[in-house]
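Consider the two complexes below, in which chain A is the common component and chain B and chain C are the respective partners.
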Partner chain A sequence: MGSLFAQLAVMGSSLVLIFGLLLLWRRGSAAHIAAFTAQSVALAATVAVIARFTGSAELWVVAAMFLAVKGVVMPLLLKRMERRFGESRELDPYVNTATSLVIGGLLVLFAYIVTRPVVEVSQLPTRAGMPLAMGLIFVSLLVIISRKKALTQVIGFLMLENGIALLAALGTYGIPLIVEVGVFLDALMGFLVMQIVVYRIQQTFESLDIEQLNRLSQ
Partner chain B sequence: MIDPTTGAYVLAVAQTALALALAPGLVGLVRWMKARLQNRQGAPVWQPYFELRKLFAKEVVVSNNASWLFSATPFIVFASTVAVTVLVPVLAVPLPFDRVGDLVVVVYLLLLGTFFLALAGLDPGSAFGGMGSSREMTVAALSEPTIALAIFALALSAGSTNLGQIVVRTMAEPAAALSPGYLLAFGALFIVTLAENGRLPVDNPGTHLELTMIHEAMVLEYSGRYLALLEWAAWLKLLLFFSLLGNLFVPWGVATTLAPAALALAVVSLLVKLTLLAAVVAVSETRVAKLRLFRVPELLAVSFVLAVLAITVSFLVR
Partner chain C sequence: MRLTFLALLGSPVLAALLAALARPYRAWAGAAGAMLSLLSLAAALRLAGRVLAGATPTWGPGEMMRVDALSALLAVCVSFVAALAAWLGPGLGRDAHYGPGQARRFRIFSSLFAFTMLAAVTANNVAVMWVAIEATTITSALIIPLTVSKASVEASWKYILICSVGIALAFVGTVLGYFDYIHLAGESESALNWTSLMAAAPAMHPRVVELAFVFILIGYGTKAGLAPMHTWLPDAHAEAPAPLSAMMSGVLLAVALYAIIRWKAVVGAAVGSTLPDRLLLVLGLASLAIASLSLVGQRHYKRLLAYSSIEHTGLMCLGLGLGPLGAFAALLHLVNHAVAKSMMFFLSGRILDRYRTTELGGVSGLLRAMPVTGGLFAAGMLALVGLPPFGMFLSKFALVRAGFATGHPWLMAAVLALLLIAFVALLSQVHRMLYGALPDGVAVGEGNRWGLVPLGLCAVLLVAMGLGGFGLLQALLDRAVEVTAR
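Entry: the complex of A and B
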């Protein structure tokens, strides 16, 4: 039973990570939104698996919240943003696709190295998934610094949040519900604020390319 | 009752013969499914057999500029592919030739064929052949390490680089087949299968436009029985990759004894796996368009990263 739990947890975490890597590979914003949606559903499923095996009622609530907000509401908002700005394509990122994929792979290896001490002392059956969650955090950071379009960066930030949530769920079987809800609302608010900022960028420069921000405008 | 050792060798030969016999049918099946999915009538599944018969009967036309390499290559390519068939667990494990070579030998035998094919593409001095060779080498240089890495991920959890041993170990531990390492390696190997066999989205096997060809451009100068051998070898390679995908990752059905019942089951399960994979390839080829050549390395980078992750997951989490 314990081994099945461990296996499902690792499987869920690797799915979550792979959808994160998809962000580095694909260019179109529609594909990015689809990847984020799928990742959120995988995250909710992983949390549900943890809830099922630990019998924690709070985690069920968290899983349902992830599914509702990150799996449904945020993708809808993202799609609305995309409709308003038109499909944005990541044509000329700072780091090209093939290189950033390889860097992404190296970052996951790096995540294994940095989480090694934690994984070694941990007794939880879910410990094998922790490096993958950490890897997702690094990969999301890579997305944020290597991509130029504001929409991609926003999705990168949301995936970073997913990675942190996954790490919390795997490492401690979820933080107290009130904290979880707090973090959650924070992320949602952050997302809404970013939506407005992106809208302003679009208004001012008629493009979502954040490189334009380096230029002083009169 | 025949001696088990002799029986195993007989089986290895029979398995090779079966693979050779099935390979054209497999390609015909993929083509037929694709045609049906695209609302075309489609040639019958056994059309490739007719093609082989026709090509073997035709005369060979060789360019005046071609050297001995040109006429040696079809035999080298065909022989190296058949040699791989002996090493890959198509029907039963453990194979008697396991002592001869493991997965490293398999990878390099496949590369040997690719290498000579690229040389033969350059040999007659035609523009398209050289272009095809250069492209094929680009793809091969990127996909070959990924094959090795993906199978090494399995070898790490099985503790042996022997393909037969990997299958035996996976059968002993069915839970391992669902582990993320296996799934990642499967994804990596699947992408490489498409790239190595010149399928969409890397190369279009049905193209008639020389500018977009990779594999077809290299064999453009070949005709008659040479072309037949090369085509047959390419089809056999597809079958080999499919049976690697089917038997390494989902080993159930592979015979572990030489009992007739187990072997019959192995044949049936092999046919089922090949049909399923052919259907997956047909559907995916109907859905995707060919990638621009300069975006192919990105696809292969995805596959490489999947393979690296597979190794990381199966090696560091033990």
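Entry: the complex of A and C
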């Protein structure tokens, strides 16, 4: 059981990370939303695998929540935003695609270094996936910093949360359910508020390019 | 104690509900909210009294809420500033600048904002605290653009994005801490309680705990406005309506620091305080330096106050890295800053109402236009730069003494130099606002006099704290310091 479990966990984590890296080399918002959707499904599946092998009822609930909200509801909301603003493309990010991918690779390596003490301490069969989750966290930060469209930044933030959820699931088989629900509600509310602010940006600036947002630089 | 907790946390929720249900919005909803804010403050004071009597009130399943001296101190500060905002904010009738819709939005979200901060400082569970602090971003981001303008929308976007990311990183740290704990003690309901973490800390894995603390410090440090993660702060504080700026600057930064103090205690028990102290000193000095230098040549008075908030958070952060005396100084500074800075932001709101500009160049002759407002503004500025007889003189003095006592003379020399820069910058700017010719079209006279009463009370409190008239506060601070360095 141990080895199959471990392999599935690492495979799931790798998928989650790869969909995150997609954000770095695709430029259209449609592709970004698709990548986020696929990532959320992969995350839910990974959590379901952990639930299956550990027999934890709570984790099944968590997996179902991820699938429903991050895999279905949030992508629908994102698509609605995209329809309203029209396809937005990252034509001219602060860091170009090739460099971004190189930095992304380095960040994953860095994640392996950072998480070494954690992996050494852990006895769980899922531990090999933790550096990948940390890698996704760093890559999401890169996306948020290096991209200019508000929509891309929102997706980067959602992926950051996916990375944290994955880290928690792999490292601790899930935080207590009541806390998980609180965190989840917070994430959802945060996303909705971000959406409101993005709509306001669109209304007041008539653009989603955060380059426009430089009135307050002094 | 159940009733006290209910009064503390329930009153702001009830106030928000009343404002939401009163359709169309009526001033009585705001007035009821203002009364409820006093109930919340009374509850916080009662909890502080219980703590001073030696008790540690708890409430809820699995002791979910728990108030020790540190929590009580923060709860009093938060509910005090929230009460000021409720009494001075829009929505109490006769308001020229905000319509009923805006007043309702302010009432709902500022009350919820107060609730989330109070929940954060009284939660015994680290994850519940995290949820509450994350919720502070959500509740406050929606009322930064109370008046929609390009600048306020931009400020709220920066605020919500940067702070959400920061808080997410703090959650990574929380997960790592939890990870370490359950590998030690197994899963349990109380695993995420401060009390359990503190008890288990000595056996935790040093490297994992250190890694967790780095994430925690960067994460909550973002929310506390520590450099170099401070970039959202001047915009958000300058663009928000005055009562919200007061709450954000006066106590939100303190709540974020509170989270850092709690975790630092755990890390200190696990690996000793060398690493956390060093990190705090670096971040504190960086914040102090960036803020002091930004004060020079600043053109907007609300941004001036915002950068001064970064400066003071930096000072508190430095104090936390300087042993028990430093921690005492930091907490005393925290209380003084909560009172002084919220007073200043309310006064800046009055100035903005009169002069209709946030530019320093557009404000002059303040003492002639509004003598009391101007006088209080000057007093507040003297308090902020740390002159006697105000409380911040004592806290800064204690901080510098702590620095020398713990063997950081060079650090303290740098701190004193930076404080001097801030001193000159602030006082010269204020001088220009107070004196000089009145711009054309600015009326003379105070306007809403009743609004000055609570602000005068703030000034009195500041002087009282500076003259050592704070026996009970000192007792509470002493106990809080024990919590930080246990």
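Basically, the second predicted complex is superposed on the first by the 215 of 218 C-alpha atoms of A that agree within 3 Å, B and C clash if a C-alpha of one lies under 4 Å from a C-alpha of the other, contacts with A are read in each partner's own complex, and residues count from 1 in each chain.
In the analysis below, contacts are C-beta pairs under 8 Å (C-beta built on N, C-alpha and C of every residue); 3 or more make two chains touch, one makes a residue touch a chain.
Quick caveat: nothing in here was measured; it's all calculated off a predicted structure.
Under the clash rule set out above, the superposition-derived model of chain A with chain B and chain C shows the two partners fitting side by side.
Judged by the touch definition given at the top, the superposed model places A:Trp25 against chain B, while chain C stays out of reach. If you count the residues of chain A touched by chain B and by chain C, you find the higher number for C.
In the superposed model, the angle subtended at the C-alpha centre of chain A by the C-alpha centres of chain B and chain C comes to 150 degrees, rounded to the nearest 10. Applying the stated contact rule after C-alpha superposition, one finds that A:Ala98 touches chain B and leaves chain C untouched.
Touch criterion met: A:Met194 reaches chain C, while chain B stays clear of it.
When the two structures are aligned on the shared chain, A:Ala64 is found in touch with neither chain B nor chain C.
In the superposition on chain A, no contact is made by A:Leu77 with either chain B or chain C. When both complexes are overlaid on chain A, the residue A:Pro131 reaches chain B alone and has no touch with chain C. Residue contacts after overlaying the shared chain place A:Ala34 against neither chain B nor chain C. Figure legend note: chain B and chain C, brought together by superposition on chain A, show a least Cα distance of 19 Å.
Counting contacts as defined above, no chain A residue meets chain B in one complex and chain C in the other.
Here chain B touches chain A in the complex through residues 175, 178-180, 183-184, 295, 297-298, 301-302, 304-306, 308-309, 312-313, 316-317, going by the rule given at the top. Taken together, the chain C residues at the contact with chain A in this complex read 125, 127-128, 130-131, 134-135, 137-138, 141-142, 145, 148-151, 153-158, 160-161, 164-165, 168-169, 171-172, 175-176, 178-180, 182-183, 187, 189, 191-192, 205, 207-208, 211, 234-235, 238-239, 299-300, 303. Considering their complex, residues 114, 117-118, 121-123, 134, 137, 141, 144, 150, 153, 157, 160-161, 164, 167-168, 171-173, 175-176, 179, 182-183, 185-186, 189-190, 193-194, 196-198, 200-201, 203-205, 210, 213, 215-216, 218 of chain A touch chain C. Those residues of chain A lying in contact with chain B across their complex are 3-4, 7, 10-11, 13-14, 17-18, 21, 25, 97-98, 101-102, 104-105, 108-109, 112, 128, 131-132.
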